[in-house]
Structures are given as structure tokens and as C-alpha cells.
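Shared between the two complexes below is chain A, which pairs with chain B and chain C, respectively.
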Partner chain A sequence: MIEHFAEGALMAFSLDTILMIIVGLFSGMLVGALPGFTTLMAMAILLPLSFFLDPLVGIPFLLGVYKGGIFGGSIPAILVSMPGTGAAVATSIDGYKLTQKGESRKALDMALYASVIGDTFSDVFTILMIFPIALLVMQFGPPELFAVLLMSLVIIVVTSGSNPLKGLVMMLFGLWLAQIGTDPMGGVERFTFGIFDLKSGIPLLPMLMGVFALPEIVYAVMRNEKVGGFAKLVGARLSMAEFKRCIPTIRRSTFIGTAIGIVPGLGQVVAAMMGYSAAKNASSHPETFGQGEVEGVAAAEAANNAVNGPTLVPLLTLGIPGDNVTAILLGAFVAQGLRPGPQLFEEQGAIVFAILVAMVLANLMFIVIGYLSIPFFARIVTIKTGLLVPIVIMFAFAGAYVFRSDTTDILMLVGFGLFGLLARAAKFDVMPMVMGFILGGPLEYAFGQTVAMAGNSPISFMFTERLGMLAVLIATPLIGYALWRRMKTATN
Partner chain B sequence: MAFGLTLLGILGFVFMSHLVAEPKVLFGRSLTAITPSLFPKLVLATMAVLASMLLYSLRGSLTSRESKTFEDGALRRVVMLFTVMLFYALTMEPIGFFISSALSMAAVAWIAGNRSLFQIGAVSIISPIGLYLVATRGLAVSLPELSPIEFFYAGIFDTVGSFFGGAEGPAQ
Partner chain C sequence: MFLKTFKKTVGTALVATLGLGTAAYAEYPEKPITLVIPLGAGGSHDLNARVITSIIPTYLNQAMIVRLSPGAGGQKGTQEVANAAADGYTLLFSHNYIDMLQQHVENLPYDPNADFVPVARVNYAPIAVVVRGDSEYNTFEDLINAAKADPGGINMAHSGNWGALFVPAAQIMKATEASFNLVPFQGGGPAMQALLSGDAEVTMGFPSTLSALLDAGKVKILATAGEERIYDDVPSFAELNIGGDVGFMHRVVLAPAGTPDDVLEKLAEAFTALQEDKTYKNMMGRLGENTDYISGGEYQAMREGQNAAYKDLVDSITK
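Moving on, here comes the complex of A and B:
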């Protein structure tokens, strides 16, 4: 194994690999920074390009797009509260507030440093732990996954808004929305009302842009505010004292993100929200979270980027993509003649380690590229104030369309925009709804598998499945207490 | 909002059999461990109960006149803005990305308070062209487009066809 690592490290330090990582990082940041265009879309589009490159050039290039895109998505999230991906949603909570306070530069600096630190640590961790982790995850069954997903949803409800009951109802609405389309297990239609376009379900992208971006734009227009007025890279840079204050938060979020990244199906959205919630709970001044707290940005960004490395563990060891992005990476591996799985380490161990080392290299280059190019990418959303609204709407509509080349998605964008506006007016937080929607499919799938495994004796099954039982036993009182405390605060 | 979600939960639960197809059966046995309607039933029933509880808890605030969320003039602009967005969504494919974007962007800029015709014209014409070039040339993705020449000829053929009373659809 050490020989494989040494050989792989040498292979990663080739000029072609480094150049294509830089191209990938820059492309990812560019696409991520454009409101409405996602990392996933950029990777899907650039995937064919990687087929024509050497595996040690093509795959690191895609990883560069991935890393650049994740950070790039935080730029519009911070500047105009328009998270291009679910991963950037948590970042926008405090990031946009900082922008409104005239401290956008600080928020973006923090996002960059937290991203790079979280990502680098998780990559090193991945390299060191890939074999033992593979063994551990192989023991992880649907009951444990179901328990973790459920726990994530409850935590999100608890931490959203002031009224947990509103959050619960919105989360359930999101779960219901996730059931629209074809049932993944039985293959039958549910809640499609005979509409053909609903058979494949509601697409995530128009929903995200609809509920988060459109209400923000509408509010700006209504109040005669100028969105671009906030969308400027202004204020002081992040000071060393502020950075040092955030180190415990970054460390905590990095651990959370790394742990979540190992579990297939959870991904960056859960990591970012859990990292944010943990930071808020651990803080001595939790009331500042949501009001423009730089620790909030650090927590979300470190956690969502720390997912990047470990999310490759199930992919490389079992051939199971943890999320959409790793599914695209799986396509790149297969097209290159590399079939992820236990055999890959035996047959192509050096290439696997070369790719992992390239990920660390990408982070080191990213801190320089990101630092220098933030002002450039920020300009994309710092166009003259009155002109930004129509341009943002055009990007949102074009972004919603290009994802599937379907005008239904644009109608959904408008529909969810209207829903988001009404929810905001009624003081309902849309975050639990989005999380319910994202996790609804995996939750139901894990639930179905758990029921199938349990057979006719679910109670005895629960007590014989040690990990699942443990998760439920630990999570239930904690969640109950947190919910109770939250509700009490809300009523006071 | 709470009332709407309560209603959705109740109606969805009551009419579940019409909204969820029957599970597939092979040799008299279901192919899945849980029926396709089980999870939706759990979700909708819980939502109906919790949303009605919420409705009950909010009854005081619903009866009292809260501060207006929007001013009258702003509300009119919201309606106008969503009308333009709906227009944009419905026309992007039939009339193409350029024309629909230019018209919608000009309208949005006007609603947003921009009164400079030069700026409105420049933004609504240059931006769609720029985005179109980036998307189609740079990112290799397609946006709805309509060739003006095709549109022109199709119109002529339709007019000629309807004049002679023969053709009902577009000319082939």
C-alpha cells in the first residue's frame, strides 16, 4: 500500500495534471458564481471532455470543477442570497446578512479559508482512512441510514425559525413533494395527476432557485431596494483575530462534514446544516447567528467542503456514488476503464492514490486562485444596482431551463417563487421544506428497506440491529429536549 | 399557509387511492415491502394533524390585523413582476430565448424602477446575447431558439394555406 501511495504521489505531480486542475478550479468557480448555474451542471457538461484526457488528468480536472464550483456557489449565496446549490444554502444565512452589513469581503474570505481547510483535512483523512472506513461503512445498513436521515431532518426543524411547529409542517410538505413522481421502489405513479412532466418528480434546481432567489428579488423590487447595492465586495478583509476565533468552529464543522461524507446519500446539504447548527448550539452568543455572524459562514463552508474527500470513500471502495456529483465521477472512472470497487485498489492502487493526492494539490492551488480571483468573480454579481434584477431573473430562468431543457422547469421556478414569497410573508421558513424534499427520497427508500429487513417482528429487529438501535436511542431524547426548548423559547 | 397545508394533508389522505397507483403484484404478492401509499399516508396524516394544531395556535394572530407585509404600490409591483415572469416562462420556447428575454428583461427593469431607456435597451438586448453565447458556445448547452427566417416562412405558408382553405397546420 505504501508503494502504491508513493507511486501515486509521484504521478499526481505531473504538469498536465496541475494545469488541468487549475482549469477545472477556474471553470468551477465561474459556473458556481453565476446565479442559477450549478456545479452539477458544469460537471455533467464537462464530463465528456474528461473522456479524451488521461485518467490522471481528466478525473482531477473534474475534481477541480467540483471544488471550484462548491466554493463558487457561495459567492452568489453571500452576495445576493442566491445559493446555486443546496450546499450553499446554509452559507447564505449569515453570509448575506454580512453583505447587507457591508462586510461581504470578510464573508467571502472566511468562506474561502474554511472551504480549503475543511476540504484539505477531509482529503488527508480520506487518504489515511480509506481502507478501515470501507470496512466500517460496509456494516452500515438501511436502519442506521434511516435513523441518521430522520435525525438530520429533526435537527433542521429545530434550528429553523422561531416556531418549530411551522418548521415541522414545512418539512412534512417537503417530504410530500419528494413523493411526487414515480415511486423508486414500486415503480408506480404517485400524485402526478396524469401530468407527464411530473412522472420524473419535481426537479431540485427550480425549487431551490424559486424558493430562495425569486422572493429575495421580489422583496428588493417591492422595497425599491437595489439588489446590487448589497452585492458589492466591500468592507475590511478577514482579520487574523477573527480567523482565530473561528478555528474551533472550523475544526468542529470539518469533523462533522468528514463524518457525514462517509455515509452515502447524506452529502453536503446535511453537512452544512449540521455544521451550522452545531456551531450555533456551541456558541456563547447563539443569538448572533442568522444576523451576520462570520462563524456561521465558517461553520457551513468547512462542513460542506469537508464532505468532498470522504464522499469518494463509498464510491472508490464499493462503487456506490454518495450523491449526484460522485455519480458523474463514477461515469468518468468507468469511461476510463477504471471500475471502482475493492478490486480497484488491488489492480490500480497507484492511480487511486494519485487521484486522492491530486485532490490535496487542488486545495493548495485553490487558496491562491481563490484569493486572487474573488474580486473578479464577485463582479459577476456586482453589476450596477438597477440592472441586476432583470439579469438575475434571466440567469435564473436560463439556469432552470438548461438543466433539463424543459420549460416545465421554468414554470416550476415561478410556482416555487410564488410559494416562497407567500411563505415568507406568512413567516414560514422554507428551509425545512427544501430539506424534506432533498432527503425525502432516501428516507423513504431506507424506511422501505428497513421494513423489508424487519419482516414481521420490527421491535425485536430494532433491538437486534445494534447501530440502528443506538442511533435512535441517543437521538430521540436529545431531539425531544431540543424541540421542547425551542418551542418554549418560541412561545416566550 | 397553515390552512392550505391542513387542507392538502386532509384531501391528500382522503383521496389517496385516486392519487397513488396500485402496487404492482406478481403471483399474488407485492413486489415491495411497503405499499407505495404507506409513506405518503404517514406524511400527509402527520401534516394534517400538525398543520391544524398550528392553525389553532395561530388563531389569535389570524384574527388580529397585523402590520401589512406589503404596501399597496409594492403589492401591485409584485403582481406585475410575477405576471412578467409567467410571461417569460410561457414564451421562452414558443418565441425563443432572445425575444422572450429581451421583452421580459425590459419589463422587469421598468418595474424595478429603471427609467433610462438606453440602459433598459442595452441590458435587455446585450445580456441575452451574451448569455446565449456563453451557454451555447462556452458550456455547450442549448437554449430555446427560433430562427426568424423559419418563423417568417412558416407564417407565409400558414397564410397561403388558410387562404386556399386546404392546410390546417403549418406547411411541411
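Moving on, here comes the complex of A and C:
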């Protein structure tokens, strides 16, 4: 294994590999920054291209697109409060507030460093611990997933704001919205009123654009300033002192993100929110979170990127893709004659380690690319209001449409935009609603699976076979209560 | 004489020019063709379509563009093509379960039998019945006998109701009168993971995705779809008396009904030529897919058979 590693590391340091990683990172960042286009689409389109490249060029190229895309998504989230994916929602909470304070450059810098650190540590951890992780992954099935999702929702509510009751109302509303459409287990239509367009449920992207971006655009117009409806300044770069202050947060979030990456089916959204909630809860000044706290950006970004390493484990050790991104990577592996699976490390250890080393290399190169391009991105917000607002509106509408090429989504966007304005006027935070909506589907699905698995003996299933689920379910109210107490004393 | 020749030459030239001109104007395809996939990004249809659309322009002299339109279990994209103009510029890339089964379990906003004509069956994937390497079931009979002894006691992981793993499972249950507890997972990958982690005792998978696990002894294959054996020591469904078009996922290109015959012909020519293309075969091989092509007309007969078989199946389950 050691000699495979050394050989692989040498293979990764070739000019072609490094050049194509850079191309991948750059194109991924651009695609990720465009609302409505997803990293997944970019990867699917670029996959056939990788067939014709050397394995050590093609696969690192796709990994570059993937990594670039995740960071790219946080750019509009920070600059114009337009998170294109659920994973960027937590980043936009404090990121956009920093932009409004004229510190967009600092927010982007922090997002970059936190994502790269989170990603690198989780990659290195994955390389070193790949076989123990593979065993651990097997311990989590739908019952455990259900319990952890439920716990995540409780944590989000109790740490959401000064009034957890309002958070709860919004989350329940989000959970209800997630019910609309065809029931994933039985195929029964719910709350669709016979409208075909509602049958596939409410799409996430128009909701995100609607509740987060549209109200900000309206407020930017209402401020009626000639220059900088979103922000006047780009501010200074992140200082060393500020970075040092965030190190414990980045460390915590990296740990949380890596752990969440091990549980199949949880993913980046949960990681980002848990990282954010934990940082807020551990802080001696939780009231600054949500008001432009650079630590909040660090917490969210480190956590959602730290998910990446462990999610590759089932793919590499069993050949099983857990989601569509890893399915595309599987396609790329197979096309190159590599067969991910139990024997991959014996048959082609050197190449696999070369790919893993290339992942770490990609992270390091991304620091340079990101550092150089951030000043350009950061200045977007200082464009004249009269020019910027129409551009942002266009991107919001185009993004909502292009995602599924469906005009209904534009109506959804406007509807959620109005709802976002109302909620803001009534001082209801939309974030718990969005989280309830995103996690509601998986929660219900995991519950349905658990019930199906338990069959005719739910009691013995819960108390003898699935003690992990039981433990999490018992711990949930205790953790929820403890966090609530802490938040209460800290804010008072 | 000279005049006559001159007249003839000019006449021929004129006819030729005009004729060519008209042909060039009217000949399909004169603009890019959209291939709608009613499924999400990154799935096997998406990847197959990326290969097809990167090669077929050679034979159509026009680009073919993939448009993903997932939602409502495939109905959203299917409806879009059903409503599109029948001019050959909007095609559907679907599979037999969306195409022929859904009409029996849901109210569809289109009629798959009347609204579509098949252009080509591009390839197919046969299903295999899979258990863990250390499973107590060594043959298909072992599994069926155990399921009969304990109806609903054996968990069978599948990739979603009425999907590519669920339907063959239901057809096996119908043919053998055994009963499994069908547990849904979000895709074939998570279903396989459930098998390996012990959350399920049996699942289904496509041989192209199984080879690494099989060689490592992590899984055993008990049966594979079709008449012929795929593995020398594993019986086919036909040998086990599970006959008919069971356990095949057919990837099929459909056009809206009413598409002109010359357009369909042109498409058929392109898809036939595609099957002979070396790069195409090579790339499909790399994805682990076959290039077993069936013409639209021939597939129509299979569709009608599927329609009847699925109707029977749904009636027997939901009754």
C-alpha cells in the first residue's frame, strides 16, 4: 500500500493532470456561479470528453469541475443572496450580510479558505482511513438516516433564532410544502388539486431564488441609491487575525462535515446547517451570527466541503455510487477500464492513489485560482444599481426557468418571492422553512423505508435490531433541550 | 443538333438545380434535434444519451441536443414530447417501464399507445437476481422456497415503485407465487448498498454494474433475465419458467405519433448506421452497455406485448 501511494503520488504530479485540473476548476467555478446550472449538469456533459483523455487527466478534470462548482455556488449566495443549491443556503446567511456591510471580499476569501481546508482534511482523512470508513458506512441504513435527519431538524429549529416557536412554524410549513406532489412510497398524489405541474412537487431552485434573492432585490431598489444597491464597497481581504479566530470553527465544521459524509444519504445541506448551528451555539457571541459574522461563512463552507471525501468511499471500495455525482465518476472510472470495487486497490492501487492525490492537489491549486479571481467577483456588487438590479433579476428568472425548462417554475419563483417579502415583514425567518422543505422528502422516505423494513414486528425491530436509531431518537430531545437552554442564556 | 443538346443540357441543369434546391430546403433535419430524457442528470439514460448525441450528428448532419426533464416519475418529460410538434425535432429517450407500465398504475396526461411511435430500441440491460456472497441462498430455488416458507419475511431492496428493479421482482413473485417484502431505495446503488450492509437479503442489479463485486465474492447471482445464460453457471429466467419479456430494461427512442414517414425513415437510417460505428460501440462498451439495436417497427410489436403483460401484472398485484 505504501509503494502504491508513493507511485501514485508521482503519477499525479504531471503537467497534463495539473493543467486539466485547472481547466476543470475554472469551468466548474463559472458553471457553479450561474444560477440554474448545476455542477451535476456540467459533469454529465463533460463526461464523454473524459473518455478520450488519459485516466489521470480525465478523472482529475471531472473532480476539478466538481470542486470548482461547489465553491462557485457560494459566489452568488454571498454577493446577491442567491444560493443556487441547498448547500449554499447556510453560506448566504452571513455571507450576504457581510456583502451589505461592504465586506464581500472578506466573505469570499473566508469561503474559499474554509472550503479548501475542509475539503483537504476530509480528503486526507479518507485516503488514510478508507477501509475503516468503508466498514462504518455499512452501519447506517434508512432507520439511522431517519433518526439523524429528525435530529438535524430539531437542532436547526432550536438554534435558528431568538424565537424558536416562529422557527418551528416555518419549518412545519416547509415540511408541508415537501408533501406536495406524488408520494414517493405509495405513488398517491397529495395536495396537487389535480394540477399536473404540481405532480412532481415543488422545485427547490425557484424556492431558493424566490425567498432569498427576490426580497433582497426589492430592498436594494427601495434603498434608492445610485451606486451599490447591494453594497458600496468590496472591503479589505481577510486578515490573518480574522482567519486565526475562525480556526476552531473550521476545525469543528470539518469534523462535522466528514462525519456527515460517512452517513449515506445525508449530504452537503445537512452538513452546512449543522456546521453553522454548532458554530453559533459554541460561540460566546451567538447574536452576531446572521448579522455578518465571518465565522458563520467559515462554519458553513468548511462543513459542506468536508462531506466530499467520505462520499467517495462506497464508490471506491464497493463500486456503488451513492448519488448522481458519484454515478458520473463511476462512469468515468469504468470507461477508463478501472473497476471500482473491493479489488480496485489491489488491481490498480497506484492509479487510485494518484487520483486521490490529484484531489488534494486540486484543492491546493484552487487556493491560487480562487485568490486571484475573488477580487473580480467581489466587485460585481459595486456595479451601478440601475444596471445590476436588472441583471440580477434576469439571472433569477433565467436560472429558475433553465433548471427544468418549465414556465411553471417562473410562477413559483414569483410566488415564493412574494412569500419571502411577507415573511420578512412579519419577522419570520425563511431558513427553517427551506430546511424543512429540503429535508422533509428524505425524512419521509427514510421513515417509509424503516416501516417497510420493520415489517410485522416494529417493536422488536426498534428495540433489538436498530439500537443505533433508538439511541439517536432518545438523544434528540435531550440535545435539543440542552442547545435551547444554551442559546437562551447566551442571547439574554 | 447543337441547339437540341444545349436545350437538353440547360434543361437538365435547371431541373437538377431546382430539384436539389427543393431537396436541400425540405430535407430533414435542417436544424438541431432535441432529445428529451424524462429522467435526472447522471443516470444511465443521461450517460447513454451523451454517447449517442456525441456520435449521431455524423449520420444526421445535425446536432442532437439532450434536454433533461425529470419529474413525476418520468411523466413530465414524456408529456412534453407528447405535446410537441410531430416534426421529428423533438424526440423522447425513455424506457419500457415509463413507456408502457405507468398507464396501468396512474392517470397519465397522455396516451402512450396513441401518442408515440418507436424510432429505435437503442440497447437493453438484463436484470440479475443478487444475494450477498455469504448468503444462505445458493440457488434461485433456495430463495423462492425460503420466501414461500416465510411470506413477506425476506427483504428485497429495489430502486423505487414500478421501476426497473421493482417490476421484475413483482413479475418473479407472480410467476413463482413467492412473496418478498419489497423495500424501496433511491436508486440501484443505494439498493445494492442495503444488500451488502444486511438491510436486505436480496436485490436486483444489471450485470454491467456487478462484475467487481462478483469477482470479489461480495455477491452471488442466482438468475439472469432472458432465454440465454449470461453466466455459465447461473440459470436464465426462461430455464426457471419465468418466460416472456421479463427483467429487460429497454432504452428506446420514441417520436410523437404523426411524425412523417420520411422523417422516421431518416432517423431509422441514422440509428442503424450508429450501431455500426466503431467509436459508438467502443464508448458504449466502456460504459458497460451493449449496442443491441432493434428497429422501431419491430419494437412496436414488443411494446404491445409489454402493454398486455404489465396490465396483467398490475391487476394481479393491486387486486
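A few notes on this one:
Operating definition for what follows: the second predicted complex is superposed on the first by the 368 of 492 C-alpha atoms of A that agree within 3 Å, B and C clash if a C-alpha of one lies under 4 Å from a C-alpha of the other, contacts with A are read in each partner's own complex, and residues count from 1 in each chain.
Throughout what follows, a contact is a pair of C-beta atoms (placed from the backbone, for glycine too) under 8 Å apart; a residue touches a chain by one contact, two chains touch by 3 or more.
In this text, all values refer to a predicted model and were calculated from it rather than measured experimentally.
Contact with neither chain B nor chain C is seen for A:M129 once the two complexes are overlaid on the shared chain.
When the two complexes are overlaid on their common chain A, residue A:G448 makes contact with chain B and with chain C alike. Shared-chain residue A:I391: touches chain B; no touch with chain C.
Of the two partner chains placed by the overlay, neither chain B nor chain C lies in contact with A:V23. With both structures placed on the common chain, the touch criterion links A:V414 to chain B but leaves chain C unconnected. With both structures placed on the common chain, the touch criterion links A:L422 to chain B but leaves chain C unconnected.
In the superposed model, A:M222 makes contact with chain B only, not with chain C. Looking at the shared chain after the overlay, A:M365 reaches neither chain B nor chain C. After overlaying the two complexes on the shared chain, residue contacts for A:M185 are found with chain B and with chain C alike. Overlap of the chain B and chain C contact sets on chain A: residues 41, 45, 185-187, 405, 448-449, 452.
Contact residues of chain C toward chain A in the complex are 40-43, 46-47, 50-51, 54, 67-73, 75-76, 79, 105-106, 109, 152-153, 155, 160-162, 181-186, 189-190, 192-194, 196-199, 209, 211-213, 215-216, 218, 283, 286-288. Chain A makes touch with chain C in their complex at residues 38, 40-41, 43-45, 47-48, 51, 137-142, 181-182, 184-187, 196, 199-201, 264-265, 314, 318-328, 331, 334-337, 339-344, 404-406, 445, 448-449, 452-453, 455-456.
The touching residues of chain A, counted against chain B in their complex, run 31, 37, 41-42, 45, 163, 165-166, 168-169, 172-173, 175-176, 179, 183, 185-191, 193, 214, 218, 221-224, 386-387, 389-391, 393-395, 397-398, 401-402, 405, 407, 410-411, 413-414, 417-418, 421-423, 425-426, 428, 444, 447-449, 451-452.
Against chain A, in their complex, chain B makes its touches with residues 1-2, 5, 8-9, 12, 19-24, 30-37, 39-40, 43-44, 46-47, 50-51, 53-54, 57, 69-71, 74-75, 77-78, 81-82, 85-86, 88-90, 92-93, 97, 101, 104-106, 108-109, 111-114, 119, 123-124, 127-128, 131, 135, 139-144.
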